[in-house]
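Following: one structure in structure tokens, then a few remarks.
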Amino acid sequence: MNGPFLLTLIWVLPFIIALVTIPVHQENHLRIKVISLLGNFVNLILVILLTIQFIGVSNTSSTVQESNVSLFQYGYKVAWFTIMNIEYNIGVDAISVLMMLLTAIVIFCGIIASWEVEKQAKEFFILLNVLVAGVYGVFVSIDLFTLFLFYEIAVLPMYLLIGLWGTGRKEYAAMKLTLMLVAGSAFILAGILGLYFESGLNTFDLNQLSQVRFSDSFQYWAFPLVFLGFGVLGAIFPFHTWSPDGHASAPTAVSMLHAGVLMKLGGYGCLRVGMYLMPEGAHMWMNVFLVLVTINVLYGAFGAIRQTDLKYITAYSSVSHCGLVLFGFTAMTFTGLKGGVLQMISHGLMTALFFCLIGMVYGRTHTRTVSEMGGLMKVMPFLSIAFIIVGLAGLGLPSLSGFVAEANVFVGSFANPALINRVCSVLAVLSIVVTAVYVLRTVNSLVNGPIRKQYNTLIDASPLEKVPVIILLFCLFGMGILPGWIIELVNGAVHPIFNNLMR
Amino acid sequence: MTLSHCVILSLILCAIGVYGVLTRRNLIGILLSVEVILNGANINFAAFAHFRAVDSVAGAIFPIFVMAVSACEMAVALAIIISMYRRKRRLDVYNLEELHG
Amino acid sequence: MNLLLPEFFLLFLTFFILSLDLWRNKSQSALSFHLSWGGLLALFVLLLALPYDQEQVYFGGYTVNGTALLFKQIFVLSALFTVLLSRPYFTPGGNRRGTLKYRSEFYCIILLCTFGMFAVVSAKDLLTVFIGMELATIPLYILSGYQKEDAFSVEASTKYIIMGSLSTGLLLFGYSFLYGCAGSLGFDAIAAVAQSSQDEPLLKLGVLFVFAAIGFKLTLFPFHMWAPDVYDGSPTPVTAFISVSSKSVAIAFLLILVYGPLAPMHGYLQPILLILAAATMTVGNLGALRQLKLRRFMAYSSIAQAGYIIMAMAGTSEAAWSSIIYYLFVYAAANYALFFIISLIGRHGNEEFKSLQGMGKQHPVLAAVLLLTLFSLGGIPPLAGFMGKFLLFAAAAEQGFYAMVVFAALNSTISLYYYLLLAKEAYIIKPFAVKNNLLQTDIVQKVSLMVLTSAMIFFGLLPVFSNAIRATVH
Amino acid sequence: MADWLFTHSYLILAFPLLSFLVIGLFLQRVSPEKSARFALGTAFFSMLFGVAVSGAYYVKVLAQPLLYPERTLICFDVAWLNFTPILTANMGIYLDPISVMMILVITIISFLVTCYSIGYMKGDSGFGRFFALLSLFSFSMLGLVVSSNILQMFVFWELVGVSSYTLIGFWYEKPSAVAAAKKAFIITRFADAFFLLGILAVSFYVGSFDFQKLNSIETAALLNQSFQFGSFTINLLTLSTLLIFAGGWGKSAMFPLHVWLPDAMEGPTPVSSIIHSATMVVAGVYLTARMFPLFSQSLTTLWLIQCVGAFTALFAAVIAVTQRDIKRILAFSTLSQLGYMLFSLGAAQVIYPDVPGSGLNPLAYSASMYHVFTHAFFKCMLFLGAGAIIHAVHDNDILAMGGLKALMPKTYWSLLTACLAIGGIFPFSGFWSKDAILLASLQSGHYFTFMVGLFTGGLTAFYMFRFFFLIFHGKARSDLHNVHEDPWMTVPIMLLTIPTIGAGLLEQFFVSQVTLPGLQEISNFSHPSWLPVLASLTGLTGISLAWFFYGKGRLEKAESFKRDFRSLYNVVYNKFYIDEVYLFITRKIIFAGIGSPVKWIDRHIVDGAMNLCGEILQLGGRLVRFLQNGQLQFYLGITIIGFVSLLFLGK
């Protein structure tokens, strides 16, 4: 299929789904869900098609290894708001394609996982699809304005999704999450306006901007703005506090989507807009951010140790793992950047599965407090084994995706011989021990040990519930055992960024 | 009698007006103080017109318009104050306290 | 001569309705209503038909050009929607605020007021501006006190008129000083003076006096004190009218002043404008944080909006004109949509946050419109508000005021907080008792809401509007 | 033929993997018996193939030293994970004497243990699951030993750890088992973190993961540089080798990371026998041997390895003397034997002033490997026997047993050979390997280590025969009803007696073949004839002491002795309170000291700061509303003041 059309279709389709859902009758839940499911299934197919096509056209030849311009496939541009010379300018490189693939998988699983939603199902699925459309939009856009626009579209529906269908202190959590992310986007806004005007080209086009050598004084203030702005969504310390509350109170699908995909927008933006466009700024600030994200990694892990709520544990582990994403970037080495990208994918799959399982367990036990569970292996072996596996993925067990990513991150961070990088990488590597501690603690007290009698009657996952779990497990193992092709793709995309960084 | 005298006079009137506006408790009184301010402005116009204006006609006409306009304004104000008096039976500015926050 | 047609038509319409009511002496008839909205609609069409690329000056003091016409469009639309809004709001059978005596006078006053605004945006000298401004202001005093039975209304108008006349005094002083140094009332003369002797203290004094006076109408920070009380006390349609029209006319005048006669002093004005903007948006947002009454809330939110708008005036002439006009359209659309919903509630209940509860379940469409409106006001894509704010910020950023942009963007985050509070009331919080559906929407409201909502969406998505405005400004 | 075997040598791993997948995904739900048979079959084929490959290796490689001076053969090598265009981690099969030896040991033992488990695990609810996990383990272990590069080794290293975790916690409803599994995993994980760091360091400086590259002389020269860190200098070679060795430290449960091994006995006994005695725990030794050419370049590392090994050997033996749990005794004896292997490797460093050659003693290396080999068999058998006893008696406390000789004769005789072997009595296998180790340390001139080894040997004999007598001799100390022997279990035990007795014949082979090229033997030191005598004598002394105390299965002497040294006894019995120290570290320092504060800080300071911003804004809101007090003249005043300040602003 014609590439640009395919790209447009992919991000438009969820909007269409939302529009189609509007006329459906309030009470006709089944139809609403089926529409969403089918729509997103089609989208999944489309994205897979796109990926296959992309693998066909992507080349990792030496020319790519030398060039410092990201090679966007299926580029297509048409003027939009001419007064600010804003264009609808789309195209994808390997990172965006993989991210879209991740999104497609996660949302498909998410919709199955939220099959139980009964309350105002219509609004729920409409908002969910709008959110997804925003996410796809961010990944396809090359124009900074549209990127920002989609970014906000992706952030906002979260408020109602959490506030309306969440649990616990949902209003507080939703408000906090939304405000912190929007405040972050305030920084981004200033940053991209700065890029627009300071470049002297009056353009939002990433490719043109990437070739501009911005003045150091400008990058000195603009880079941290952009990096922090996106970093908030990447849960960078100390702006991560929305994540535990938000993820804890969000409904299953939303946690999956948010932790699995949305948090990746942060890392994506940091890489695409921050480091790619402002390399000198990156060099100026990297040590600061290196320290921050190292704190992230350790702090998230230690924070998870003492939590008792399953979702809080997962949220803190997300903080730690997303820290690893940025940690890979801040290493400023080729392998580090690559590792960061791989970690985005791996963590996306992993944490999505984590929240999915938590949702199912919660739906049965009606508690998320770890200490109140135990012995679930006896009554629900499938879920329990899946839980153990995803836990092991979390602590970076080889043959699961986590190891591939973390190995790249660590090798990359170690490849930077500066002393501070060394110290930070040592600390980060040691964090895997802490990870092991909380993961095993959680898994043990959840699936092992004697079972409480009130759980004896619980049933294992239904066939429908098994579908997302199996899909995600398959992806985890697939990426863990045969990482070759993904790494090839990512190499192709990371080389230009890295070369630009080192220009 | 120079320009500065007149300007100072107008400013003094303005100050008096402001003082009145800030201190009078009776609404009518406040309105009168406002009138004083307006007239100060008029004096300004006249003075500028007389001493340094290129086309002094404009400066001379302006106060007339001002008087007319302020007359309507006062009329409206009085009407409103009357209806206000109907409600509260007081003309005390401190009675205007229901709307706040 | 044809560029003056709108003015004449408006005058004719006004007096026709008035006289009609004189000899037909049926004050409650709907005729005046239909006449006025029809007339306004026709007027709008007429405005659209006029050429926007030429400028004509009539008897020295009155000029008509593209931007003026654009502003006139805003005024006409605002008046039109006020009329449409007032009809269902004032039809008897609601709460005690629902009754309206002297119906056609009400419409006439609105039209007259609009005429005054026309005069302001077309003025070429201080006298015309003064007359126009007074003509645009004094009717508002009357309107805000229109319900003589309602103590709130009367108190509001009392406060309004007294503070208003004080500001008039300041304005006059400002004019007098400007006249003093320019030696003439014409803008050209003032421009010449501003060009030749920039730091003439008398000139600066005059400018500051004028700024204070306009700041009053524009609800800039230290001069905004009247706004919450007046917005809260006046009848809802009047509040809407004040919040859109009277603000727009003030902005128009400020634009004309800053980029017309005072253009040479722009460097001197920039910091003042920025400080005023920063203070205003902060105060507005902070004030709105803890409100419970809808109209008072709207007052603070519109104060904040004024702050954003002023910020753009630090930019270049072209950017400022186009972005501000564009934003005014967007702002008007969102505001009226919200006021329509408020008036729906106010028809029967108190116009408070609480009254919104349960809307998401009982009136999903209405709630969706509310949500869109709030997002548009909060500047969330893909709605028009986002594009509008973006252009305002860009205008400031172009001059390198990035810190200001960050500050403003953070402010709009705060504003998002209280807009989301409204959404929360409408969607999340469960009403204590499920209310029986009181919110009936008649055809007028349905159509208006539809028009406004689609405006909010299409302004944000289609570039034609912004392009047209930029073309006109250019 | 041989080439065909080499090219398809991956099948050795493929069989267990297949059985894991098939059983885990389908068969265990269909029928437990079928899965057991399937596991047995795959294990058998894997063993067959392993033996075949080793034979081929012997014929093709060892028999032709001229073609293969390095005695190594890389069967295949596929790129798996490429980090940079130059740095890539492969998956390969790397055959050299020690890996082939390990292949033999693992395949044979895993076959026997699988067979044994069919009897041992009969009737268990997780029967099928058990065999799946067992196959997973043998797959990962085989993958570990054949690794062609250090990253691959790390990968399988982790997999081994996980399968050990799952098998220790096999009875997941038993809290103690679960806790033990967690402990084992976390402690080894802790060590692995350093291992990973070592890998990172080496790979960064060398730019490769392959063992051949890492073990080359150039690498050692490249790494042999010092850098200043703060006030003191660090030798990179020493640092990285130590970091890598740390991995082995944890896996081989050297002091003070040994605490997980005794607890690991909570797992089913077959698991203990294969994982925690025969194969997995020697992974650390294996790693050291694998990287030996590199390690041996850093004297500090060797010295540390030697100390750790020797100390653990003694330490564990002392504890073993007092234990009562049949499996824990064996666990501690395993620790002590691992200590032997390691200090023997460390003892390769010759400290004579005048040494011809490389200054390294090849015998030490061979001896260590030889002990790995022999120990695997007799220790495995000991565990299996212990399992059989537990299975029969349903109790772990040796004080509650006794007089089982009559009831379980086969087990009795087999275990006797094993005990003699581990006791180092001529002519059983243990005697030869220990003798070689002692000789090596003597040759290299580590007299102290030599003494420790000798003494530990005696101690070993003592506690093993304490164990033996208390179980089998005297009369039963508790009613032992319907004790019987299950052929599924006894047959493997008896089969294991063959290597236990006969492995001694291989000494010359090991000394000559299982060694490092480029190290010539130390000529100027012959095998002292008194050494074996001395060793045997110490062993016999130990045995006779054991007989003296527990001979007739009586406890009185021991009790009185215990009473005289009560305090000492308590310290030893409680394993020198090392576990308590660990508890303190985790509970008080990690959890209470770091975890909780972090949690608190996050909630109250970091998050508090965010909320504070909100509060400040709310406060501003209050202020604005307060100023909006409804008083007209106040408004006017504000306006005037504002105007005046505007004037100041504008002037």
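The letters A, B, C and D name the chains in turn, as written, and every chain counts its residues from 1.
In this section, contacts are C-beta pairs under 8 Å (C-beta built on N, C-alpha and C of every residue); 3 or more make two chains touch, one makes a residue touch a chain.
Bear in mind the structure is a predicted one, so any value in this text is a computation, not a measurement.
S.K.: Taking contacts as defined above, which has more of them, C-D or B-D?
M.R.: Taking the two pairs in turn, the one with more contacts turns out to be C-D.
S.K.: Provide the C-alpha centroid distance between subunit C and subunit D, rounded to the nearest whole angstrom.
M.R.: A distance of 79 Å separates the two centres.
S.K.: Could you give the separation in Å between the centres of subunit B and subunit D, each centre being the mean of its C-alpha atoms?
M.R.: Centres of subunit B and subunit D (C-alpha means) sit 97 Å apart.
S.K.: Could you put a whole-Å number on the gap between the CA centroids of subunit B and subunit C?
M.R.: Once rounded, the distance between the two centres reads 26 Å.
S.K.: Need the CA-centroid distance for the pair subunit A / subunit B, whole Å please.
M.R.: 64
S.K.: Taking each residue of subunit B in turn, which ones touch at least two of the other chains?
M.R.: 21, 30, 96, 98-101 - these are the residues of subunit B that touch more than one other chain.
S.K.: Which subunit C residues reach two or more other chains?
M.R.: Within subunit C, residues 158-159, 162, 166, 228-229, 291 contact more than one other chain.
S.K.: Show the residues in subunit A shared as contacts by 2 or more other chains, in ascending order.
M.R.: Not one residue of subunit A touches more than one other chain, so the list is empty.
S.K.: Per the touch rule above, enumerate the chain pairs that touch, sorted by label.
M.R.: All chain pairs meeting the touch criterion are A-C, A-D, B-C, B-D, C-D.
S.K.: Going by the contact rule set out above, which residues of subunit C touch subunit A in the complex?
M.R.: Contacts found on subunit C: 322, 360-361, 364, 375, 380-382, 386-387, 390-391, 393-394, 397-398, 400, 402, 405-406, 409-410, 412-413, 416-417, 420, 423-424, 427-428, 463, 466-467, 470.
S.K.: Which residues, counting only subunit D, touch subunit C once they are in their complex?
M.R.: 617-618, 620-625, 627-628, 630, 632, 634-636, 638-639, 641-643, 645-647, 649-651
S.K.: State the interface residues of subunit C toward subunit B in the complex, per the touch definition above.
M.R.: 125-127, 130-131, 134, 138, 141-142, 145, 148, 151-152, 154-159, 161-162, 165-166, 168-169, 172-173, 175-177, 179-180, 183-185, 189, 228-229, 232-233, 291, 296
S.K.: Enumerate the contact residues on subunit A facing subunit D in the complex.
M.R.: Touching subunit D from subunit A are residues 65, 176, 180, 237-241, 244, 299, 302-303, 305-307, 334-335, 338, 375, 377-378, 392, 395, 397-399, 403-404, 407-408, 410-412, 414-415, 425-426, 429-430, 432-433, 436-437, 440-441, 444, 447-451, 483-484, 487.
S.K.: Residue numbers of subunit B touching subunit D in their complex, please.
M.R.: Against subunit D, subunit B makes touches at 18, 21-23, 30, 93-94, 96-101.
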